[in-house]
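Labels run A, B and C following the written order; every chain starts at residue 1.
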Amino acid sequence: MKSFFRMSYPYILWIAIFIVAPMVMILLYALSRTGNSTLTFQFTLENFTKFFRDATFMRVLFTSLRIAFLTTVFCLLIGYPAALFIANLSERAQTMMVLLLTLPMWINMLLKTYAWRGILLNFDLESEMKVFIGMVYDFLPYMIIQIHTAIAKMDRELLTASYDLGANKWKTFRRVTLPLSVPGIISGITLVFLPAVSSFVIPKLLGGGDYVLIGNLIEIYFLQAGDWNFGSAISLIMALIIIASMWLTRKLDRSEQEA
Amino acid sequence: MKKKKTLWDRFASGYLGLILLFIYLPIGYVVFFSFNESKSLTNFTGFSLRWYENMFQDSTMLQSIYYTVVVAVIATVVSTVVGTIAAIGLSKSRKLIRTIVLEVNNLPVMNPDIVTAIGLMLLFISVKMQLSLVTLILSHITFCIPYVILSIMPKLRQLDDNVAEAAMDLGATPWQALIKVIIPQIYPAILSGALIAFSMSFDDFVISFFTAGVGINNISMYVYSMKRYNPSVNALSTLIVVVVTLILILVNLIPYIRDKKIKKEEP
Amino acid sequence: MKKLISVLLLLCLVSLPLISLGDANVLNVYNWGEYIDKAVITNFEKEYGVRVNYSLFSSNEEMYTKLLSGASYDVLVPSDYMIERLLKENMLQPLDKSIVNNLDGLYEGVTNLSYDPDNTYSVPYLWQSVGIVYDTTKIDPAKMEEKGWSIFLDPEYDGHTYMYDSERDAFMVAFKALGYSMNTENSEEIQAAYEWLRQMDKAVHPAYVTDEVIDSMANGEKWMALVYSGDGAYILSENEDMGFCAPQDGTNIAVDAMVIPANASNPELANRFIEYVTRYENALMISSEVGYASPLTAVLEELSGEGGDYEGNDAYMPRAGYEKDEMFHDNETLKKQLSELWIKVKLHE
């Protein structure tokens, strides 16, 4: 049993090559003078100071975090009951529902967003509302599937035992189902929040171009402005802030489990 | 086993119905407008099949379907296998290693695609690897594995270690314990990880653009590079919906028919 | 399910070698998406017994970044300023004029331009200008002509305006409205243009859009929009209320041209492709399908003349030879500076 840990070695090698090595190159870009490639490395911190000196960048980052946070909250509030209801279906119906939720993900995101643009044209909504409809739409399936996976196949006997001990539905949910689904919630939040921070196509198309988001900014610097150095610095700062916030979430998760 | 439907059950099915309606509304819209006579995406001017004709004459578009499917299938299979093995291994690793690996694992999920894309492209350039179908598939595997691991880890946390231990005490080899005890318990999580990986690969644009070799386009690259909207991509999406629906029906029908056959054969 | 997956996987593996086989009779073309009549490719394949490997990009910068990876294409179709950069970096090779020998029919306005003064390296593919598409039932054409770019500062059109979300095009409008060159590096002029755009943002609160503007204007969702003339031609052909104006203040003339990269693996066939696309009948098919202006005089006359696809369409034929019109030059520092200012405009700072 203990020897199972060796099974992670191939993957550790894989991430060393395909995730860590590229990120090191990005880090080198972030730490070198604008216009320089890693070949002619000239150390500098000016890309980072530039970010913090200009309030614009911080504002953009916070708008992105706010949209991602609200998207995650909406997905959780809408997705949790859905996952719970799906888990109560027959096994075959559960598989069917999961597949039905996955299928739309295979249709190109840009096309679906154009479709939403067309649909929402008929409704007089605030542009912010439209952005959230599009964002929640795109990420909801991930949240539902993750939570459902955690609740599905949960030991039914636990529930029966809880009822036998005289607990009502609500109490059973709070004491048994909810705590057991926490890992699913955490991974659902991860799958929604992390990509949502850097996404910008949906807000751009549905928000009438009123949104400049961090993902947009990074893309502009990498492609339009051709400044990989500053683009790299922004993405690293963003990654650090997100990692910090995820770490906080995990702390909360742990204290929740202990309680 | 059939219970009487309570009010609560009705509410539950109503809720799920609404969710499905929400999820399929834009899909229906895309399908509807694939039959539009004009190029417009908001104005239905009349029924026509011209976008389907267009699609089947467009070799670049047809080729893009092929590349999308090939890459998605290979990337899903490899990343599911590697991801599952890695997740089980990690769940038994020391806490520090696990924390670090999982944090790194989150990077491709969190990084904007352009950063992952440029990073991988730089990697391939620095080891003098010509961009090709291989680099494209390697890149897809790289960003798919994290989703598989993120799906499986929570289920592993719920798992009762004692069952596998007991199996081994009773003489099972670690391999048997893995295949016969652990995998069946986390099977739903593996399946959902694979589904998410497939979807991510299927829909990726930026990373594919910068890591694919000359002459390789996938559906997303086709869609994003359109200088002007070509409604044939609606026809293409409709085709995908139809094919997937057929597969779903088949998958659900086969066990049903098999059950019936068995019942018939029974005296 | 398991069987299904294994069958799929097997199919993929079996077909892998079929597609990765390279041979001498393949031409790798790299062009904008939806920017050709596909029959031209098929016909070329038939005529020369070769296979065309057609790849797509959506911006010059994307294409340029992809080239940095060492990818080897045979024919590219970048815009003027990008050709200037590729030439500066020795990434192109001269055309073989013994093969590409049909350049006599090219329209005067698109030949011998500053990015490639005697067309040694490039042959124009399609070209365009930038202008305003507007609803003639809402805005008087006479007023539009008179006000030119400054109509974007008129609060009367608050909430009825689309602005193209690109620092390049937006700043071009501001520079031209103020009477400057759109390639200026003068910091006072840049600052003035920035102020002009901020004023525009406050006055008309435009929706900043990209290609979705085409469908929206064809539906008449707003009264006016900054568009490329080729897209304008499509909008005008879909909605007869719409008019097109290329302001007298001057505008941007942009040319997308075919070039052969220095590392092309099949330059001879590339030259043959360029010659083929420049033939009258093929240029006609492309321009008619796409709606952007052809570089061939005869095609321009055919399409905008009597009975042509774009007869009476003000947007199809860009203005040529007007002294206030300009082309972009490659200037990465300026582009970056404008990108940063443009972000601030959009943030309403």
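Please note the rule applied: a residue touches a chain if its C-beta (ideal position, glycine included) is under 8 Å from a C-beta of that chain, and two chains touch if they have at least 3 such contacts.
Since we're looking at a predicted model, the values are computed, not measured.
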What's the overlap between the neighbours of chain A and those of chain B?
-> C
Could you compare the number of C-beta pairs in contact for A-C with that for B-C and name the larger?
-> B-C
CA centroids of chain A and chain B: separation to the nearest Å works out as 16
Just curious, how far off is chain C from chain B if you go by their C-alpha centres, in Å?
-> 35
Mind pulling the chain C residues that touch 2 or more other chains?
-> 62, 65
Got the chain A residues that touch at least 2 other chains?
-> 114, 117, 121, 222-223
Multi-chain contact sites of chain B, meaning residues that touch two or more partners | 41-42, 118, 224, 229
Touching residues (chain side chain A, partner chain B) in the complex | 1-12, 14-15, 17-23, 25-26, 38, 78, 81-82, 85-86, 88, 92, 96-112, 114-119, 121, 137, 140-142, 144-146, 148-150, 152-154, 180, 183-184, 186-187, 190-191, 194-195, 197-198, 214-215, 218-219, 222-223, 228, 231-232, 235, 238-239, 242-243, 246
Touching chain A in the complex, chain B uses residues 12-13, 15-16, 19-20, 22-27, 29-30, 33, 41-42, 82-83, 85-86, 88-94, 97, 101, 103-116, 118-120, 122-123, 126, 138-139, 142, 145, 147, 150-151, 153-155, 157-158, 161, 164-165, 168, 174, 177-178, 185, 188-189, 191-192, 195-196, 198-199, 202-203, 205, 219-220, 223-224, 229, 233-234, 237, 240-241, 244-245, 248, 252, 255
Could you pull out which chain B residues touch chain C in their complex?
-> 38-43, 57-60, 66, 69-70, 73-74, 77, 118, 121, 124-125, 130-133, 209-210, 213-217, 221-222, 224-230, 247, 251
How about chain C: which of its residues touch chain B in the complex?
-> 1, 4-5, 8-9, 12, 15-16, 19-20, 26, 28, 30, 32-35, 38, 41-42, 53-58, 62, 65-66, 68-73, 211, 214-215, 218-219, 231, 234, 238, 290-291
What does chain C use to touch chain A in their complex?
-> 59, 61-62, 65, 165, 167, 207-209, 212, 221, 332, 335-336, 339-340, 343-344, 346-347, 349
